[in-house]
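Shared between the two complexes below is chain A, which pairs with chain B and chain C, respectively.
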Partner chain A sequence: MSTTPPMLDVRHLVKQFPKRGGMFGKREVFTAVDDVSFQVNRGTTLALVGESGSGKSTVGMMLLGLLETTSGDVLYEGRPVIGLRGPERLALRRKLQVVFQDPFASLNARMTVAELVMEGMRVHKMYANDAERRARAQELLGQVGMPAHALDRYPHEFSGGQRQRIAIARALSVEPEFLVLDEPTSALDVSVQSQVLNLLRRLQRERGLTYLFVTHNLAVVDYLADEVCVMEKGKIIERGMVEDVFDHPQHVTTQRLLAAVPKVEM
Partner chain B sequence: MTPRETWQRIAANKIALASIIFLALLILAAAFVPMLLPFGYEQQLPDSRLLPPGGKHILGTDDLGRDILTRVLVGARISLMVAVSVECVVVFLGLTVGLIAGYRGGWIDSLLMRVTDVLLAFPDVLLAILLLGTLGATSSRPETSAMLVVISLGVTGWPPLARLVRGQVVALRQREFVDAARSIGSGHGRILLHHILPNLVSPIIVAVTVDAAGVILAEATLSYLGIGVQRPMPSWGRMINDALDYYKSEPRLVIVPATMLSLTVIALNFLGDGLRDALDPRKTRR
Partner chain C sequence: MPAVLEIDKLRIGWTDSAGEHVIVDGVSMSIQAGEILGIVGESGSGKTLSMLAVLGLLPAPLTVLGGSIHISGAPVTPATAPGMRGKRAAMVFQDPMTSLNPVFTVGAQIAEAVTLHQGLKGRAAMDAAVDALRKVQVPDPERRAKQYPHELSGGMRQRVMIEMALACKSEVLLADEPTTALDVTVQAQILQLLRQLQQETGMAIAFITHDLAVVAELCDRVVVMYGGKVFESTDVNTLFAQPGHPYTQALLESLPDRAIPGQPLVSIPGQPPTSGQRGSGCPFKSRCRVAINACDAPLPLVQLGTIDKPQLVACHRVSEVA
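== the complex of A and B ==
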């Protein structure tokens, strides 16, 4: 572990949902995230791995402030972020962005690509006017490998991989430091998965981005992540550097997830 | 989907296209033809009572010697204007209630939806009759009576739309693109205006088109009962009511306005169906 304070410090995070069908009004709860702690250092990638329902995406949603926490702390650059409101919340949103799993669901079908990529710049009052924002949007699309004529098209005119590139351009539009990547390649064809992963790796190198990479697919973890936390039933059951965990998996679940990885040389 | 694609899809649907053409012709005829005809809608010609169709009076005259074509077209004006005005009120109220209930959720949602349920459990026309009775429509001037019809049908007609909007908003609010907008920093106003509202336009257009048919029928019902649009204003329901004493010997006095009424209602329903299909992004063109 490095001596500088971690960029993101998650301490004893808990999320409980009320359970349906509790008899006689007895309040039962389902614990989706159970005392989860981890740190992510600047410029590195932490993979949060687990099977569906393990609580890994719920952690991501809470970090983004899209879901309220039940208890626990999240420190960003040493400052608590839970319960932030108004301008402070807005300032944090700029630093912390997200790329969702399904680019068909995460892009509003009624907006053009230009509107989608410019939305964040408008909200945060970046650049002097729409012409400059548009130029910036064009620049961003170029950086994620999209053609210039994409600006005035609608998302449905593009393939899944291209849509995910648009979603990445949108996330980058507000100049974030930290990206939550919530299964960013799981909805894509295998052939384009590696292209998007390459893009994410290149962007990390060029911009010094920090990633929290939420996935069930250990094959992509090896490619992108430095450290890995394996989650099961809301708890972290194994953690360590990617090479260590891959070479000496301690937990059965980790071994099973590793066994599911197809042995293909990339 | 772009507006152009939508239009191409509607144009490919023959029944919907026919409905659009019929409604467009009706609107044009209602707007301009009465000006070209030499008779006023309230002008009584004592020497030309109950004339059969033909000659100067293309559709003949009624028992007071009024030109039926003029009256049925001016009646179209009233029916269409009432329908459009009522739908404006319905969209304003239904959208406001549905947006607040669906987006805020919680006790506000419960409260608004219980009010909606109560209103839904009551027959619209009955409620409108009650309202009109209270507002005193029968004793007022024709223009005021039309206004009162609009108010009573608008105030009683919003619950189904509020329900529809609320359901859509609840579903939209959970979509990933709304989460994406929130993470990028968009506030509630921007999310409602740029992400929720544009996705509501299609279902609202469809609902309003079909509902307008119901409003035209409701207005005819109220006018037929004598508490809607007042004499001498010629709404279609009013004309049917006026013709009741003569319909055995002169059935066209009923048939003309009733046919217009039916055709308009059918056209609106077909157009609504066509729009539903055309605006549905899941349906792909053959």
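== the complex of A and C ==
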């Protein structure tokens, strides 16, 4: 038995939203995330899968501090992260980064690629000056397979797959330990999806990154994740190692999800 | 019997002082009654533009520069297209929320189509709309007909769009990524519905998608497009068993289903070309593993397969790879 705590320990996480139009002004709530607990170990990938509305993205948003929790705890390396303020919060935000689904919406169109990749380094006061940051940005772009001349261009000059690489370089710029990947390949063309998946896997191996992979695409889960949690109506209904869950799904919803995935018989 | 939809050497683009700028270059395909044709391609491959041309809905400044389109033998031209749209060819788009009018009820919008194409009015049209919703398996159709598009789920909105196309009794349904925005389980329901309706009505369906697995489940024949050209055209079994074009082969190999545990996915290097980067030769040349200098010449069309199961491949190197 290992005694090291999990990298991320999510305990009894709950998120409720107020519902409109209760009778006589009665406050009704919609429970989007209902008592969710899971752990992610360092250097591994946990996939959260489910249909739209299952609460998987809401969980990701709460971990990143982009959405307040109603109750529950999130421990990062054994220390609580909810309610952190000031420098402690900033320090955590450096370690936890996110790559969103739509690289057309998540990159500011008015910033050059260099500015986009350097922004986080400036916020976190990394490196002595902009010249060093720029050199680092160029290095990062090289690592994600982007040409050096990309630095002084704008996001609209790039294709979807290239933009997703820029978004990944931006997330990596602050030397994170943990990445939330929210449908990172869903908006990409088929021939480019596999490039980005390979990149994510290589970066994990090289840097020991830990991933929380939020997706509805089960075909990709099999390739990228070690463990999987299946969500429905805010609850985790099944969890386990990917090969166990995929080969022997226990819950009827998991069986239904797996059966619905179109397959190429070859 | 003529094909329901026949597209022959279609060229789409725009003209300015510098000459013609071709985006869709010599696309040919046909669909018989009762057939589902899959049109596979990445964004920018020209698959959607080709279908918009069938409806006469190309966005300016794009026009049809050459070639021809026929629906059941009748030519589609700028003059005839408005009269055929809805009646003979209907389209279902990817995002049903943007195709439905948010300020009218669902029932009123189907009733409008029924009034236009079947001549029913008032109460009779509304009753027909409710029947129509029942036919596409929308639960509680009377209540749903009185609701606005935002009150329906994505899957239900897509059913409404399919129903509006059916209400017009079109001969050919052009479905442009109709399930891409939906959950997998809802996608499975919509595919099932399309298959069932197609068997009942015998309509021809062109199903545009970038998802090869959906093609494998739904389609009879497939056209693979890339960079504004048709690369391969064959029946669905041949496509997956013996893909003829190096692009199709690479695409199939890069599917995550095909991953070998512990190995990186096979991936196609580089990016798809933009329309400005295209020359006269093969648009896939810079990414192709078997490309040679001769690939700069205009693409040949090589026929493989048999008479009843032809496989057309547009590639200089087909003898090396097929």
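A few notes on this one:
Just so we're on the same page, the second predicted complex is superposed on the first by the 258 of 266 C-alpha atoms of A that agree within 3 Å, B and C clash if a C-alpha of one lies under 4 Å from a C-alpha of the other, contacts with A are read in each partner's own complex, and residues count from 1 in each chain.
Criterion: a contact is a pair of C-beta atoms (placed from the backbone, for glycine too) under 8 Å apart; a residue touches a chain by one contact, two chains touch by 3 or more.
Predicted model, so just to flag it, every value in this text is computed and none were measured.
With chain A as the common reference, the superposed partners chain B and chain C fit together side by side. Of the two partner chains placed by superposition, only chain B is touched by A:Phe100; chain C is not. In the superposed model, A:Ser194 lies in contact with chain C only, and not with chain B.
Judged by the touch definition given at the top, the superposed model places A:Val174 against chain B, while chain C stays out of reach. In the superposed model, A:Ala109 lies in contact with chain B only, and not with chain C. For the combined arrangement built by superposing the two complexes, chain A sits at the apex of an angle of 80 degrees to chain B and chain C, based on C-alpha centres and given in steps of 10. In the superposition on chain A, A:Thr4 contacts neither chain B nor chain C. Of the two partner chains, neither chain B nor chain C is touched by A:Asn129.
Following the chain A superposition, chain B and chain C show a smallest Cα-Cα distance of 6 angstrom.
In the superposition on the C-alpha atoms of chain A, no part of chain A is touched by chain B in one complex and by chain C in the other. On the chain C side of its complex with chain A, the touching residues are 42-43, 154, 183-188, 191, 210-214, 216-217, 240-241, 250-252, 254-259, 264-269, 271-272, 287. Residue ranges on chain A touching chain C, taken from their complex, read 51-52, 159-162, 189-195, 197-198, 201-202, 216, 218-220, 222-223, 256-257, 259-266.
Per the touch definition, chain A reaches chain B in the complex via residues 61, 64-66, 90, 93-94, 96-98, 100, 102, 105-111, 115, 119-120, 123-124, 154, 156, 167, 170-171, 173-174.
Residues of chain B that touch chain A in their complex: 1-2, 175-177, 179-187, 190, 194-195, 198-199, 281.
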